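Chain IDs A, B and C follow the sequence of writing; residue 1 opens each chain.
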């Protein structure tokens, strides 16, 4: 039972960050219909930025996190303007290939700049873990969970309480009509990609200190993000959040009780099984932004 | 003149080992040839039938492992039963590799085609990843990361003349060339036929295809099976050439390589995968003295983006269009309405 | 259920078909038959359920209730391509052709049903396959001649003007060798010349023994070409009979023009 609780706790922390990854991608995938293979690279970018600012430059850890998120948003905007805007109207598979190209370029740039050796990020939190009864959790993870929950709440507020969010939801429903109503579609697309990328960068920034930072960390992140989007339904933030926690839970339990080698396969198996029985995703009925 | 071109290329390709001394270049040719066969098989599914399959390397790898295990033999415990297989000749391995890959293509085809568009992309990638993880973790069967080694080369038996084992590169080159030609002919025959028309129709407009009486699922699955079997055959060639394979063969980057070859060459054309294959097979060789692997990949990524931006249909259709616009007579030769030409 | 029309026995029977999308009723109760050799026109105001009816009959939509039978074979649950194999073929309201293929290739694709070549015959390029292909090519040319597109054979379908694209859509349906044809707004968006051409084509097709059910908004065209009219409104039939009677039917007039005006 103790072991189970421990796994549960780990899953909750992981789930929060997975949710961020998923929310970011579901917005991009849902509103812009872009199969964003570069999503994981923004995740890695977030982690490397924290490494640069906190470890290499030695600046404040929390500052590094903020810089990572902002840098993620900026990079996302850049990618959208340079690569996606000219491709508007092209086939979904053509755009997908462009994103694969972006993914290749980004990952190898990271490899070139930082080398292939994994990097560790030292955090200002105490080393000794927080012990609550039979379970223990490191302070880093507590912080990560808190930060993730904050960002999830923030995303929700953004989509439901702001004008920008309203415009995004309108664009999701029907881009043409939204345009006719005066919504600046170009701007919305850039904003969507920027926000999605910022969330991915945030996830990477938060998980980087927990695990290690490597150039290939983004690959699995991309695929897991897709799994979460499928679980939760396109454009559905609530679904993505729940999906993120489900995936983390399945991974933790699967790794703990079945086999740790197949841990990463859990996500994929979920995808395959879900799509076979419900080809439109688990929450497809609620396919809307929000 | 365009009619004579294929014959010219064939003679040229046949002659290469006679004058090419550099063993390394011959090695590159062989590997490129194997990947071109895999790319052609992907083209059938992606280019002609319009399925965004990004898990293709799974079939390649399954073929490789099935072939290797058939030839090496294995001894495992499965659900409490001991399953022992003794070694079989390598050529049988090729056949087994193709059959097993084809079967997995059938299973994936039947199951995955309930799921469409971008979702199917993700399912296909997931399938390849799961296969990789199985190869990595089912150590009893696959040796996991320690790799399957000492895979024997093919042996051709000529009745009355004795056996001939393909040890050297020249022999292997001709084998790859021969199988590549067969693969090309198979695809060419297929896409120019009623079956091929059905596949193209369902890519173009699935509702309409259904309405004129085409059993969409059946042809999707057929495309998947043929495509997978061919990729499996290429995988077997790969395994028996390198004589060693490990789970890295299932890495997504190999699928990406095949996809780049097909898309930049021109999906839905016969020559596309070949042109793409040659370019991306030889670029590493040309760039090797100048650039580290990471830099090379940055260039490939950039090249892919550039081609998608500038020549969205690929290089071969662009060349065909160029021929049509340059000479009026060229329009007669290049602008045929033969579906074989592709668009 | 009304008895079969003057032309022959019942080939298509639609029995109490209903289609509900959640709370929305697309078809309340559709119930009519079509007889061999007839041309039946299905008309009704927009949203009456005409295209929904077509989708149910041709297997693109599952009805919530009711049965559809073609020559006594139950169509419920069959897939569209299976229904086409029975000889019941439809065209589409929006132009539906294979844009990136030539006109000739389009018809060749449409002739799919007729081909028999197996995979191995194809791969080995056996003579049987070559002969079969040559026959298909001949038939394709013949169909193009019937619809009047033979001069456009080598042109890319996407480059055809709208009217000719709709003709190509009909050629595709003909290629599937129908014994009954369902035409979904065959002349919508056409000018009088093009409409007349289609009308003549419809009559030629019927003369060759094909039963026809068509949906249309162009009243003059429907009234002229149909033997019998079925009028749909709010998902159910409000009138049925020869064109002359329908034109005078007060219920039909009310459905199209609404209440409020006293008719003399």
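Note that in this section a contact is a pair of C-beta atoms (placed from the backbone, for glycine too) under 8 Å apart; a residue touches a chain by one contact, two chains touch by 3 or more.
As the structure is a prediction and not an experimental result, all values here were calculated from the model.
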Per-chain C-alpha mean nearest global C-alpha mean belongs to chain B
With centres defined as the mean of Cα atoms, the chain at greatest distance from chain A is chain C
Separation of the C-alpha centres, chain A versus chain B, in whole Å, is 33
Separation of the C-alpha centres, chain B versus chain C, in whole Å, is 42
Per the C-alpha means, the centres of chain A and chain C lie apart by a whole-Å value of 49
Touching chain B in the complex, chain C uses residues 58, 60, 79-82, 84-85, 89-90, 92, 96-102, 104-105, 108-110, 112-113, 115, 117, 119, 122-123, 125, 129, 132-133, 136, 153-154, 172-173, 175-176
Chain B residues touching chain A in their complex are 52, 111, 114-119, 121-123, 125-127, 129-130, 133-134, 136-137, 252, 256, 259, 263, 292, 294-295, 297-298, 300-302, 304-305, 308-309, 312
Counting only contacts in the complex, chain A reaches chain B at residues 29, 33, 35, 83, 86-87, 90, 92-94, 96-98, 100-105, 107-109, 111-112, 219, 223, 226-227, 230, 259, 261-262, 264-265, 267-269, 271-272, 275-276, 279-281
Seen from chain B, its contact residues with chain C in the complex are 186, 189-190, 193-195, 197-198, 200-201, 204-205, 207-216, 222, 337, 339, 343
